[in-house]
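Structures for review follow.
Next, two complexes with chain A in common: one pairs it with chain B, the other with chain C.
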Partner chain A sequence: MPEVNGLKMPAKASEKEMKNIHIDPVPDDQKVEVALQHLDEMRKKFRSFVMAMESCVKCGACAENCHTYLGTKDPNNIPTNRAELIRKIYKRYFTLEGRWFGKLVGAEDLTLDVLEQWYSYFYQCNECRRCAMSCPFGIDTCEVTFVGRQILHWLGMVPKLHANVGAAMEKAGNHTGLPKPSLIDTLEFLSEEIQEEFGVEVNFPVDKPDSDILYIPSSADFLLNPYTLMGAGMFFTYIGANWTIPSTVAEAGNFGLLFDQRFTQRHNVTRLLDASQKLGIKKIVWGECGHGWRAAKMYIPTLADRPVKWPIVHLHDETSYYVNTNQLKLDPGKNNHPTTLHDPCNYGRACGMTKQLRDVLSACVTDFREMTPNQEKNFCCGGGSAILFDDPEMYDLRIKFSAKKAEQVRATGVGANGDGYLCAPCSICKAQLYPMVEEHKLGVEVKGLIDLLGKALVWK
Partner chain B sequence: MSYFILQILPYLTMVIFTFGLLYRLGRWAGSRIVHNITLSPFPQSNTQALGILGAELIFFRSLFNFDRPLWIGAWLMHIALFSVIGGHVVGIYFLGRQFVYLGMSASLSENMSAVLGTSMGLLMLAGLLYLLIRRFTIAKVKEVTGPSDYLHLVLLLTIVVIGNIMRLWEHDLGISYAPVKDYVTHLVMLQPVPMNHEVLTKPLFVLHLLFVQILLMIFPFSKLMHVFGMFAERWIINRVYKEPAPGLPNVDVAAARAAGAGLPSGDGAA
Partner chain C sequence: MPFVNIGGKEVELDEDGFMVDPEAWTEDCAKYFSEGEGIPEMTEDHWKVIFYLRDYYKQFQIAPMIRKLCKETGCSLKYIYELFPTGPAKGSCKLAGLPKPTGCV
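Our next item is the complex of A and B:
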C-alpha cells in the first residue's frame, strides 16, 4: 500500500475494519459520484471550508509556515496547494467560473486518482493550524483537511491506525483497547511504583461514585507515559482531591476529530457525559492530550446532544492555578536538567493554553529555556492528527515533518550534554517525539509536564 | 465601439458586479459556523477582536509577521490602490480642487492632486510588478500560481499602465477632470452624452474604462473576493472566548498538607 501512483500513503483499513466503524466502503465505480454528493453537503454546511475555497489569493505566505512543506519541499504540502486538491474539484462542480473557464481557473474533474491524492495529502497534514495563523485572511487549511478526511471516511478510505482506534474506543472506552481489569491492574502497579520511588501513598480511584473530580487521562499514559499518570495521581493526592478515573471513558483523545467528526467524535462525548452523570462529579479535568483537549474544550459544546452542566478544564489550568497561588511546595532541584518546552499546536493555537505551561514548568525545573518560535507561533512536532504511521515511507515522512522541531530544539542547546529534557505535554507529541529525538540525535529525553511536577512535589 | 464601452457596457457591468457579489455573499451566508474554531490567544472582548481585525486590515499584520518580503509589496500596492481609488473619486468630483478645503489655493490644490495621483499610480505599478516578478522567481510562489493568477496581475497592470500614461502625458494622451465629471454625471443620471463628447475621442480613456469594467465583471467570480473574504474569515476565527474559572471543588491544599495526605500512615504532620 505505501505507494499508489507514486503517492506516499498509509495502509488503508480493510473492508472489515471499516465495518467495525460502521462504514460500508463505497465501490470504486460509485466513489466519484458519492464523493461529490458529500462535498456538496459539506460546502453548504461549513463556512470555514467555503472561505478556504473562495477567498485565497495564492500569495504563498502559508508555504514556509507549514513544517510539512519545509521538511519535504513537496509542493502539495504547501497549505494552499493541499486545499487546492479539493478546490480544483469544488471549482469544477460548484462555481460558475470553474464550469465556464475550466483549466484557466484551475478547475478539474474528480477521478479516482484525485481521491488517492486526497488520501495521501490530507494524511500528510498535521492539522496544526499554523497556516491559519500566518494567512493574511486567516484561511484555515486544517478545516479543508477535516472535510477531506470526512469525505474519505464516508467512502471507506481511512488509515488502519485511525479506523482501529475508532473501533477500540467504541468497544473498550479507550484507544488502546484496555478492558477495565487491565486498567485497574496498571493503576495498582503505578501505585506501587510511586510508593517505591517517591515513598508516598497514591491511590487511583476508578469509577468511584460521588467523586468531585472526573480525571480523563490519555490511555497512552497507561502503557507509554506512566510518569504522566503517576504525576497526575500524585498531584491530586497532594492537594487532597476527591477524584476518580472513569473506566468507560479512560481516554482524553478523540480520534473522531481527526477523521470522523460525526459518529466517532460524538460517541466519545456521549460516553463522557454518561460517566459524569453516573458518578455525580462536579468538574471534569482533562489530561495531557492536545487534539483531545481541543475536541473537548472547543467541540463538546456543539457536539453534546444534551445540556452539559460540568465545567471542563485542563489539568494544567489547575496545576498553574495552584502553582501561581503558591499552594504547592516544589523543589526544581529534583529536575536538574536543561529543559525546553514544545507547545502542542492544539494548546497554543486552538485552546489558548501557553502561559499555564510556562508557569508550571519554570516552577518545576532549574534550567528552562524557550525554543523559538514558541507559544502560538510554535511549529508542530510532525505527529499532529495522529499521523504516527510506521509504514517505512510514512515513517520517513515523520522524520522530515519533525526536522523543523529538531532544529528548534538544537538551537536551545538543552541537549548539548546529552542530558536535556524536552517537555511535550501531549500524548501524540510524545508518541512522535520518543523516536524522533533519537532519529535527529537531539540528546534529550521527552517528558510530560505533570511528570515533572509530580517529581518536584515536596510532601513534607 | 467607444460608444458601447462608455454608454452601454457600464450598466451591464454594474448589473453583473452587483448580482455576482450578492450571489457570492449569499452562498457564504448560507453556510454556517458549525464548531468553535477561534484561534488563540483568544480576544477577551469584542473591542479586542475588532483590534485584531483592524491590525490585519490596515497593517496586514499576519503578513508582516510571517512573510515580510511579501508584506512590503502587498502593503505598498494596497495603500497605493486605496489612494488611487480615493483619488479618482475626490479628484473627479472636486475637479482637483479638493485641497482647497485644507486651505490651499485652487492651483496649488490641482498641482497637489496631480503629484499625489502620479506618485500613487507609479507606486502601484511598482507594487504590481514586484508581485508579478515574485510569482515568476520564488519557487514556493511559483508552485501556488495558476494561469488565472498571472492574468489577474496582467489585467491590473494594463489598467495601471494606461492610467499612468494618461497622467504623465496628460496633454497629448490624457484627459482633464472636467469632461470626465460631466461623463460620470450623465452616466449616473442615465442620460447619454452627446456623440461628439470629449471622452469618446480619447482612445486611452476608453481602453482604461474597458479594462476596469472587465475587472469589475470578473470580480465576484475571482480571488478579488478576498476583500470580503477577509471579514468573513476573521468573523470565524477571531472571536471572544472566556475561560472557566480555575480551582477544584472541595479542595483545601493547606488542610490536606496538614493532614499529611499521601504520606505513609503515622508519618503525617498531624
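Our next item is the complex of A and C:
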C-alpha cells in the first residue's frame, strides 16, 4: 500500500494482525468520533502535548533542522507543519476561537482523510527530536508524533512491521521471533567463530541463574550483526564477568515506545523485570539499541509496576569505564580504517550518552574523524523509530531521509578510498545504514562500536 | 490475502508476496518466486541456499543468522546477492517459502 490519495504510507496491519496486539480495529464510520475521544484524553493528560499545541508561533526554526524535510522538501515534513496536522484538529474541537471561527483561525474538522494524513506523516517522522532542540520554546514535536501514533494504534492503524514486531515480542520474547533453541544455536555458532578468528574461548550463557550481569542484546544482532554479539561476548569474557542473556527477553528494543506506549511498551518491561528477578541478577546491561535504550533508561522507572531494584546501565557505560580506567588492553591497529561515528539520536539527545562512545571509539581505531554536526546535534540516520519499510515507495523515502547523513559522512572523507568505517552503535541505525551506504555510495562499512572493541582486544 | 496458482495448487501469499504457510512449499514455488525476484535461471547454488534455509527453518522456526547461512553454504554475502538480487532476507527467504523476517532487519 505505497500510496493512498497521493499520500505515501507503509502497509497497514490487517485486522488479524491488530487483534494479535490486542486491538479491535475501529470501523471507519466510528473512527473520527473515537479519535476525538482519545485526543481529548491525551490533551488532559500530557502537558508536553498541550504545550506543542498552544505555544508554537510558526517561527520555522525547526524546518531546516529536520532531515526528513531537507531530504524530501515536502512541507508536511516540516516539524511544525507535521504537528499542525493534529493542531488544526485540536483547535477545532478544544479551543474557543477554533470552535467559533473554524478555518479562519486554522481549525479543521477531523475526517477519515485527515486520519490517513496522520498515518502517512507520523510514520515519516523519525522521532529523532532534533526539532525539539532547535525550538526556541522547547516544543518537543516527537511528543506530538507519539500522541498521533498512539491514537492511530487505538483506531487500528499501525504499520504491519510495527504490529508484527509487537506480536513477535509477546510470542517469542524478542522482535525477530527467535525461539530459545535458535538463540542458543546462533550463540554456539558465534563461539566457534570467535575461537576460529580470535583464538579465544568465549561462551554465551543463556538463562544462567545467579549471574551478576543480565545482558540485553538487540534481537536483530542474531540475524544481521554477528560482531555486535561477538564483541559483547568477548568484552564480558575479557573482564571476567558472570553474565547471562535471558531467553525470555532477548530484546533491547521496545517498539511500544514507537507505537503503543501502554500495553506493548509495558509488556516488554514486565518481561525484563520477571527475568531479572528469576535469574537473581545484580545489574542489567543494555546492548546497542538506540530507541530501546531511551525506553529503558527514561521510561522503566515510571513504567514498571513494581520496585526496580537493579541498576540499568548501557554496555558503553561499562566499556567506557573499563577503557578510561585502563583495564582493557586494546590495539587500535586492528581497526586500521578511517572511521567516523554516527551518534544514534536516542543516545545523544535522549540519554546524554555521547562522551562514552568517543572514549571507546578513540581507543579502538587508528583514525577517528568526527562528522559535523555531532553528539546531541547529530542528524538522524533516517531509520529512526523503525521506519524501515522496504516497499519501493517507502524505501525511496528512506533514501531521501538519509541524504543529510550521507552528506555528513562524505564530508569526513573516511570513505574516500572505499575502506572507511561508519560506526553506528544502534540496531535501527545499522539496519537503515547497511543499504543506505550503498545507495549513497559512501565507501564505508557500517560497524557497531562493541564490534570494533571486540576486534581491538588484546588477549593475554 | 491473495492466492496464486502454482503448479496446479492454490498458494496463499501475504501482502509482501511471502508464503503464508511454509509447509505448503514445493520446488515449483521457488521457481515461481524466482521470476519476480530478478533471477533468470535457478542454479545448483540457488537450490543449495534454499534447501539450507528450509532445513534450518524446519528445525528452529526462524531463518539463520546471515553469517551462518554464508558459512554453511560456502557462499559469500556478495555471492548471495548475485544469486538473489533482492538479498538474503527478501530474496532467498521468499524463494524458500519462509516468512518475511521482522524486526530491525
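FYI, the second predicted complex is superposed on the first by the 460 of 460 C-alpha atoms of A that agree within 3 Å, B and C clash if a C-alpha of one lies under 4 Å from a C-alpha of the other, contacts with A are read in each partner's own complex, and residues count from 1 in each chain.
Rule of thumb we're sticking to: contacts are C-beta pairs under 8 Å (C-beta built on N, C-alpha and C of every residue); 3 or more make two chains touch, one makes a residue touch a chain.
What you are looking at is a predicted structure, and each value in this text was computed from that prediction instead of being measured.
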Pick one for A:K160: touches chain B only (first), chain C only (second), both, or neither. second
Tell me which of chain B and chain C touches more residues of chain A. B
Partner chain in contact with A:C135 - chain B first, chain C second, else both or neither: first
For A:L39 in the superposed arrangement: first (chain B), second (chain C), both or neither? neither
For A:C351, decide between first (touching chain B), second (touching chain C), both and neither. first
Going by the contact rule set out at the top, does A:S427 touch chain B (first), chain C (second), both, or neither? second
Along chain A, where are the residues that touch chain B in the complex? 43-51, 54-61, 63-65, 69, 75, 78, 80-81, 84, 95-97, 101, 103-106, 129, 132-140, 143, 199-202, 212-213, 234, 237-242, 261, 282-283, 285, 298-299, 301-303, 311-313, 317-318, 320-322, 327-329, 348-354, 376, 459-460
Inside the complex, what are the residues of chain C that reach chain A? 15-16, 59-68, 71, 89-90, 101-105
Residue ranges of chain B in contact with chain A within the complex: 24, 27-28, 30-42, 56, 60, 62-63, 65-67, 70, 74, 138, 140-141, 143-149, 151, 218, 221-223, 225-226, 228-230, 232-234, 236-238, 241, 243-257, 259-265, 267, 269
Going by the contact rule set out above, which residues of chain A touch chain C in the complex? 1, 11, 160-161, 164-165, 168, 174-179, 181-182, 185-186, 189-190, 193, 218-220, 222-224, 226, 253, 289, 386, 388, 390-391, 427-428, 430-431
